[in-house]
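The structure's right below; bear with me while I get my questions together.
Think of it as A, B and C in the order they're written, each chain with its own count starting at 1.
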Amino acid sequence: MLASPTLLASLAHADPAKQGAAPDKPFAEHFIVLQLSESDSKKERLVLSVASNVLKAYGPDKVAVEVVAFGPGIDLLREQNEHRALVDSLVSQGVRFAVCGNTLDTIERETGRRPALNPHAIEVQVGVGHMLELAERGFTIVRP
Amino acid sequence: MLASPTLLASLAHADPAKQGAAPDKPFAEHFIVLQLSESDSKKERLVLSVASNVLKAYGPDKVAVEVVAFGPGIDLLREQNEHRALVDSLVSQGVRFAVCGNTLDTIERETGRRPALNPHAIEVQVGVGHMLELAERGFTIVRP
Amino acid sequence: MLASPTLLASLAHADPAKQGAAPDKPFAEHFIVLQLSESDSKKERLVLSVASNVLKAYGPDKVAVEVVAFGPGIDLLREQNEHRALVDSLVSQGVRFAVCGNTLDTIERETGRRPALNPHAIEVQVGVGHMLELAERGFTIVRP
């Protein structure tokens, strides 16, 4: 079988890195990771508002949005965080919230108690490593 | 027509994502987005100085530089900003300055008045979405 | 010679951008740049701890980690920095530390004296340009 110029052209423009980048968003055309590494109410609100604006701009099916919280940024995902209702509303629109297990381990070691989290938070072992793997799958990292 | 090994090799090394990444910079080999999301004179100066250093390092034809301002970062693009002369000089060297329309809408809603902007500022609907699309076209996002 | 579908498929999935991305890490599968542009002891510690966590998570052979310091961030690489022992230990595990020559030139011009640096620091002409080139070779930029 010969490779036609058309086939070659389509290969040259294919974006295999992004196929299956977000298994729960099969129709996504845009992939964004929002980094949150600070504990600051204004910064938390900014991250949530960026997530919300991006969903509105592309439509929830066309964009995969994942917030990755690590270091002091994990406060957003505490059970009692003041923005809990907005987090839960974004989860219901398909936004994922990952929390760094290394950070939780450190807090537990230092305080004797693991923080109580929003049950929607998805624990990953290393927050930065998780961002790196999302970037390798075609996500763009933005730190608002 | 057959695909020769040479053609295949060149395809494997082609970087289709970046072809036409910056239509106004046909000879660009490097593509950089500088994010500005803070209102702070030192940070504004840092962003402008990074833009200037990158132009000097590669030459204005070989690098496409776009500053994307959103949230409090839009202050750089106000008509009366203290760095206006430097912004205008970078524009004349081909640097693009995009400003987030969502941010302008919010300010207008809250204050009753849309900010007066540097006429060189290019309004985009969603600043972060614009950065995402530039990244998809092969730009690298840096937040100085 | 014909291009078989199998060959074409493998081309479509090859990741030429990353081949040889880190010549001193021939077995690396992950490539990360950590940006440091602030002079702040907590931020310095965070960058070093992220580097250390990423090494632990993937193993030192499987991940290429480079810290790029520019602007006020170069303080981490001064000869007398308080975290010098940790920097040196990371160097011995294969982490690279690059320092922005433009920043050093500016300091020298303003103070009459070039800062004394950790001898492990690798001077590059433009810190941001260096990050850009690493990104073009397949590295992911993270600013902790």
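In this text, a contact is a pair of C-beta atoms (placed from the backbone, for glycine too) under 8 Å apart; a residue touches a chain by one contact, two chains touch by 3 or more.
For each chain, UniProt lists the protein as follows: A, B, C = DsrE family protein.
These numbers come from a predicted model, not from an experiment.
Student: Should the pattern of chain-chain touching be classed as line, ring, star, complete or other?
Tutor: Shape = complete; every chain linked to every other.
Student: Tell me whether chain A (DsrE family protein) and chain C (DsrE family protein), two copies of the same sequence, contact each other through the same residue numbers or different ones, using over half shared as the line for same.
Tutor: Both copies touch with mostly different residues.
Student: Using only the C-alpha atoms, find the rotation that maps chain A (DsrE family protein) onto chain B (DsrE family protein) and quote its angle between 0 and 180 degrees, to the nearest 5.
Tutor: Rotation angle between the two copies comes out at 120 degrees.
Student: Nearest whole angstrom, what separates the Cα centre of chain A (DsrE family protein) from the Cα centre of chain C (DsrE family protein)?
Tutor: Here the centre of chain C (DsrE family protein) sits 24 Å away from the centre of chain A (DsrE family protein).
Student: Where in chain C (DsrE family protein) do residues touch at least two different other chains?
Tutor: Residues 2-3, 8, 11, 141, 143 of chain C (DsrE family protein) touch two or more partner chains.
Student: List the residues on chain C (DsrE family protein) that touch chain A (DsrE family protein) in their complex, please.
Tutor: 2-5, 8, 11-13, 15, 30, 32, 46, 50, 53-54, 57-58, 140-144
Student: Using the touch rule from the top, collect the residues of chain C (DsrE family protein) that touch chain B (DsrE family protein) in their complex.
Tutor: It comes out as residues 1-3, 7-8, 11, 14, 16-17, 35, 37, 71, 102, 125-126, 128-129, 131-133, 135-136, 141, 143.
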